[in-house]
Structures are given as structure tokens and as C-alpha cells.
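Next come two complexes, and both contain chain A; in the first it sits with chain B, in the second with chain C.
Right after this comes the complex of A and B.
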């Protein structure tokens, strides 16, 4: 299952799907960094993620850090239960801005 | 040959002609000595012809015997047969010839103080004049050539006779010496072949070579053809395995014979005993009755229960066996009794240990006393270092590599080298539920997670705990792929999951270079950076995890534990 992306509501939205593990996290990382390099505000949609490991989480951490440095918006939306349990394990649920979906994020942006 | 020879006596008067004849005779005799296949016959004909040429009445050849204290008449010609006659080297003119290693010419024996007359008395022969020449080779006298009573002329020997006898005696001495050398060479070869045969038979007394699937392995390298060391092991009907490793005092054939006797006794009796102490008591009594020359046997002998990993043994004066715990610690288990074959009433205490995933090394002093490249004894400490260095190898290969290191090329082996390794087949991890061997390729992880999850569910885990185990094992695999193998997908990983009484135990092994354990400590969570989360996950999700710094049979070994019931 390949990863997707779309542009909506002023955000580039990277859609991660299936297993984001060591075999596929390099692809996720490249996609995230590509949009940040284009200076897009970025949301990562995790609603279809069945499994994420520390390498997948590391791609999100890197994206968060680059966005912050570049003054771009970054966040996670539609975090699946599987992904959320791993983020909680790493205490990253307290670090990343997390919204149920794009609309919730836009509403929060004000 | 004799047909070509001129009649020497007819032309004797011309001195030049005489010299030519003498040279011809000597050349012929010397050549016969050199090419002779039957020295006995050659010497007999030589003194016959020499006697005839010299116009002597009798001639004999004496050889030294009994550490050169006695002269024995080996060959003789003349009216009286004195062959076999023995006389002391202190006696007579023949004896004087040996003592002084010089020719003795006695023109009239009645005027000589040295003449003993022993032979004349016993034989009725009348000796008038004598010529003796020593048989000498490289300054060593092996006997005497003797000529008695010159028949022609004035009936006396002359200096020319003396010179001629001296040359012939030297040639005969050389021939005798060579024949003796050849005989001793043949004897040496025969003994060597017999020793090789004995060594061959002895090797067949040892169990077959290494097999890592069997809990016991042994090796023996004799310093010479035969060994005074031995070891043995064989399964018994009750599921136990009998083993021993021993060192017989001394080296060579006598040690090898005692070795064969002891080994056979143990092989027979081990089936009738369950207590290793009682077994040694019985064998000791037998050996005390028959062993001689102060020979004795040091031995470690006992039984293994492969199921439980329990080993019970008695140590009779042997080097303490070395036990390596599963945690990598070493301990020595000293002897509790003197060697076999010394005191018939000896009682042999029994030691009992549990291998518990560890191993037991038995060895002879040939191992610990072998010299290192620095010419220092290896010692137990050196052996421990070797064992630790080889710890990633399978038992059989490890044993062979350790011994290969001890017998390093160019080093002269001074003693028999014998070593045995008893290793627990029981992992101490409980029932195995799952085993997968896969390449260190991230693409393999997806399938592995699916299989592991269903195995964990089947073991009775909740979906949540199964997910946690999968996540932790997946993180461990990633660490191996990225840090141990450093991205080399060709590497192999072995994953086993066991149920140890309600605790799931996952063991991950790799064959990469050992990883520095300090690199796998979990990082603090408040430190926000992309990497280093994996170990944190494992730490959070599992009850316990251990990274073995000196694993056996692999490069790195990580054990994860989580209680599920």
C-alpha cells in the first residue's frame, strides 16, 4: 500500500497507510521532507496506519523539528489507535499537535 | 673369483710383486665386506683366506660383548674350534689388544707376561707366536682379529704381516659396524610400526569425533605415537550419558597399556553403577591390585542427565573441571580424592552441578601447561581467555578451535592434549513455541510480525499484549539490522519464542560482530530526537530484557521476557 498526498485547506497532507516500519519509513521520511522543503505547511494523516515502529515515529519527529525550524505548521490528523498507542509509548502524544481530521485542525488554527 | 687369483706363494720373492698381491687381496676382501648380504659367511671366508695367505696355523675373530667386558670367539679356522669361547678383556694378549686398541705382535709367547695360555690348556693346542689386530671403527673397538703360529719362514710374524692384519681388521670392523647399524635400523622400524599400530588401536578406543548435537564432545592429541590420556562418553539405557577424562602417569607404551586397561574397566562397569563415586571405588580397587611401577591415573568420571542438565561426577586427583555459567562466570571444581591406583580403600566424593544453559570443560595438564607464543604456561586463566574468545562458536567447533590455538603451528607439543566439553542442550527457557530464521532485511519484518502475533495469541496473550510483544521484538530486530549488521541484508537473525511457565521468552540471535552493550541503553524520553526510541520501547513493553555480552554459538543474543499468566 503506497503512501499518498493531497493539498487541502492550505496544507500539504501526507497520507501514511498500512505498516510504517523499517522497510517503508524511508519513503515516509522522504515524502514529509519533500513538502517541507517546498515550504508547505504539513499535516500527516495517520488514519490508515495499521502499524508504526520507532523508525516511522522518527520520521515524524524529524518532520516536526524541521517544520519548527523553518517556521512552518506541522501536525498529525486522524491518528489510528495502533499509531496512537505507539506515540503514547514514546510520550510524543504530548509533543505533536494532534487533531481528529483536517477540519478540526483548521478550526483550531482559527 | 678365485680362478683369476694368481698363486701368490710362487711369486712371493719379489717385494713389489708381494705388495701388489697384498693390495689385490685386501681390495677383494674389502669389496666383499662392502657388498655382503650375509656378513656371517663373508667374515668366515675372509679369515680363512687371510689365514691361508699369511701362512698361519689358526685364525679367529673375537667380538666384544657384555658392555665390552667380555670377548667372544665369533669365527675361527684352524685345528681347534674355539668359537663361542669367552674370555675377560683383562686376560691375555687378545684382551691387551682391546685395552690398548693397538696391534699386538708376540713373536714368542713363552717370553710374554701377557700370554695366559687358557686356550692352550683347554684345547691341547700349542701357541708359539701371535698377531692380534683390533677391530676399530671411529675409535671404538668392537673386537679383535687374531692369527696364531706362522708356518713358513722363521715361524714368526713380521711387521708387514702386522700392517696387513691391521688393514683387514679395520675393514672387517667397518663391515660389522654397518651390519649392526642396519639391524638396529630394521629393529627401530619394526618398533615404530608397532607403536603406530598401538596408537591406531588406542585411537579406536576413543569415541567418534565431534558432534555439536550431542551434549558431550572430546579431543585428544598425543604428543608421541601413543597417549597416556584418554576420554570416553556413551549413552546408557536409562537416558543418562556416562563420561570420563583421564591422565595416566608417565608417557609411552606402559602408560598406554594402563590407559587401555582403565578405559576398558570403566566402559564395562559404568553400566552397572549409578553413583560415580562407587564406580571409581570399584575401578580403583581393581587398578591397585594390578597397577605397578608406581603408576596411577587421575580422572574425572561421571554421569549427565541431558533432560535436566544435571551432572554428577567424582574427581580422583585430576585438574579441577571448569564450569562456565550461563552468565559467563567461571568456577573450578577441585578434586575430592587422590588418583586411582594408589590407595585401595579410597572413598570418592561426588560433586553435583547443574549446567543450566552453561558448560563444563574437562582437560589434562597438557592443556594448561602448554606454552603460549610468549613461552609462558597457558594456565587456567589463559584457557578461560580462549574459551571466552571462542564463545560464539558451536560446542564442537569451539573445542576444536581452542585446541588448534593451543597446538599453534611451530610449537613443539610436549604433552598429550586432551579436552572435553559438556554443554547443556537444555536452554532453560521452557517450551519452544516459535522459531524463525530470517535475513536481516527490513522487508522480512512484516511477515515476521504477522506470524509472531498469531503465535503470541495462540500462547494465550491478549491482543494488546500480543501487539506489545510484536512491537518490542520488531524494535529488537531493527536494532540488529541497523546496528549489528549495519544495514547488511545478507546477515541472519534467529528468533525463538518460548513459554517458560507463564512467561513468554523471546530470544534473538545474530552472527554479527559483538555490539557494545552501552550503545543499547534506552535514552531518556524527554530528549526529543528522531533516533534511539527502539530500546526505550522494549524497556517499556517487556518485563525484563538481557543482552548477553558473551553469548555462546552466536554474535549477539538478546532475551526479552514478558509474563502473560
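Right after this comes the complex of A and C.
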């Protein structure tokens, strides 16, 4: 299942799907960094992620760090319970801006 | 109590066993150290292997890790038969298995961060920044955030164990072996490690095999406990079943009563005189 992307509500939305593991996290990282290089505010949609491992989470961490340096907005949406438990393990649930969906993020942006 | 026969049929009936041992026999010279061991560990389970010194638990662990060849019996890890496994298949299998050795086994010439990153360098082609973040994340998980530039010699015993655990889990293994996590640690640090093992299972759905002789720790974290004694399995069951086992030797171990063997005067004399 390939990763996708769309533009909505002023954000580039990277849609990760299926397993984001050692084999596929480089692709996720490249996609995230590509949009940040284009200076897009970015949300990563995890709603169709079945499994994300530490390499996938590391790609999200790197993306967030780059976005902060570049003054771009970044966040996660549609985070499943399985993904959330991996984020919680490293206390990253307290680091990333996490919203249920794009509308919730936009509402929070004010 | 699970008899060897019952265990075998149990093993056959379990599709999701991540560790399957059948009729494992091992010798050191002429001395039999494992005598027909049958063991099954289910996916997502925390399984404790316990027993006193000389019970055979370390030998069993060495076999499970592929550090000793199976001379008699069978071992399957994550569905793969260890005997006769091809080198490439073994490599693939090892990517899915983490091991935290008793002494830590950190390389003294490398920093803690380099030690933790080592399996990623060996088994993946991930970007340098991804590997660094993964290593730091795992150090955070074991409460060693900010220690990546320390040398192993600068760590306390408990910190060394946690660093070794960070290295063991850096690849998000499906199966984690943890050898004597509590040995030599004070009760608070030991309880912290127990808590960490429980969190890893919950968050990563790891199957975890812990070899220990620490009863308190075993009872705190185990789903099931296998008790080894003189190379044989006395019982392999839930904590409650183990606690209430009628087997006197199990109760001796649980109540820390030393084994009292009847003295064979002739054999004793022969041992003393070397005959």
C-alpha cells in the first residue's frame, strides 16, 4: 500500500498507510522532507497506518524538527491507538501536536 | 502442572507460539544439563524461565539464542527451525530478536549511543539521522536520555542494564530475551526495570522471555513461569498455578529452601577419592 498526499486547508497532508517499518520508513521520511523543503505547512495523516515502528516514528520526529527550524506548521492527525501507544512509550505524545483530523487542527489553529 | 506429553500436544495446538522447544537435551561433557525440555512461549507473552544455580536455565537460553548447537531436540523461534537454518535466514531472524545479556555486553570502546545504534548499522541501511533519533528514543524509553555520549565505564550497574536493553530493543524486535534483569540491582531499580518490561510489551506487543532467579520480579511481570530444576521442567504455567503447585521441589524454590539430598555414602566416598 503506497503512501499518498493531498493539499487541503492550507496544509500539505502526507498520508501514511499500512506498515511504516524499517522497510518503508525511508520512503515516509523522504516524502515528509520533500514537502518541508517546498516550505509547505505539513500534517501527517496516520489514520490508515496499521503499524508504525521506531524508524517510522523517527521520520516524524525529524520532520517536526525540520519544520520547527523552518518556521513551518507540523502535526499528526488520525493517530490510531496502536500508533499512539508507540508514541507514548517515548513520551512523544507530549511533543507532537496531535489532532483527530484536519478540521480539528484547523479549528485549533484559529 | 504440565507434563511433557501434555506440553507437546499443547505446542502442536498453538499457532502463535514464538518459541517452541521440544525434547531438548544438552550435555557438558558427560554431564546432562538439559533433560528433555519442552517449552512454548506465546506471542505477546512475558514468560519467565526461573530456577536455581545449575538448573540449566542459562544453557537453555544459550540454545534459544543459537549460541549452542542443538544436538538433540528441536527449537523453533518465530516459526523458524534453528537446526540447519541458512545463514541468510538466520540473519533475518536475528533482526527480529533482541537480547539483553546479564552483564550488558556493551562494547567498552564505544559510547552508549554508538552501542545502541550498532544493530541498526549492522542490519539496516537507514539514514544516519534516523538511526541517531531511534537510538536516542530508545535511550529515553529506558530513562537514559542525554547519556548517549557517555562511555559504558561511566555507567552504574542499573544504567548499564538499561543501556543494554535500549540496544536490544532498538530494532523493535518481535521477541526479546532478557537475561537476569534484576541481578545485582537494588530493589527500586529492579522494580523500574520490571515496569519497563511491562510497558514494552504493552506498547510494542513484544514477546519477552526473561531468565531470572528473582522471585519477586518474576511474580510481578510474568504471564507464565517455567521452573527448571536439574535440567528438567518442574512446571510451566501461570503465576497462580506455579505458586500453588503441589510439587515439593517447586515449593522449595519458591520458599528458598535449599535442596536436601539423601546421602549415598558409597557414591560420596567415591567422589571424594576421585574413583
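Note that in this section the second predicted complex is superposed on the first by the 110 of 110 C-alpha atoms of A that agree within 3 Å, B and C clash if a C-alpha of one lies under 4 Å from a C-alpha of the other, contacts with A are read in each partner's own complex, and residues count from 1 in each chain.
We adopt the following convention: contacts are C-beta pairs under 8 Å (C-beta built on N, C-alpha and C of every residue); 3 or more make two chains touch, one makes a residue touch a chain.
Note that the structure is a prediction, hence the values are computed from the model and not measured.
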Exercise for the section: Assess the superposed three-chain arrangement around chain A: do chain B and chain C clash, or do they fit? Expected result: clash
Practice task
Would you check which partner chain A:107 touches, where first means chain B only, second means chain C only, and both and neither mean what they say?
Solution key: neither
Exercise for the section: May I ask you to decide whether A:50 touches chain B, chain C, both, or neither, giving the answer as first, second, both or neither? Expected result: neither
Practice task
Could you tell me if A:19 is touching chain B, chain C, both of them or neither one (first, second, both, neither)?
Solution key: first
Exercise for the section: Answer with first, second, both or neither: which of chain B and chain C does A:95 touch in the superposed model? Expected result: first
Fill in the blank from the handout: The shared contact residues of chain A with chain B and chain C are 21-22, 53-55, 57-59, 61-62, 85-86, 89-91
Handout entry: Touching residues (chain side chain A, partner chain C) in the complex
Key = 21-22, 25-26, 29, 53-55, 57-59, 61-62, 85-86, 88-92
Completion exercise
Given the complex, residues on chain B that touch chain A span 442-443, 445-446, 449, 467, 471, 474-475, 478, 481-482, 525-526, 528-531, 533-534, 536-537, 540-541
Practice task
Over in the complex, which chain C residues touch chain A? Could you list them?
Solution key: 95, 124-127, 129-131, 133-134, 137-138, 140-141, 170-172, 199-200, 202-204
Handout entry: Of all residues in chain A, those that touch chain B in their complex
Key = 19, 21-23, 51, 53-55, 57-59, 61-62, 65, 82, 85-86, 89-91, 95
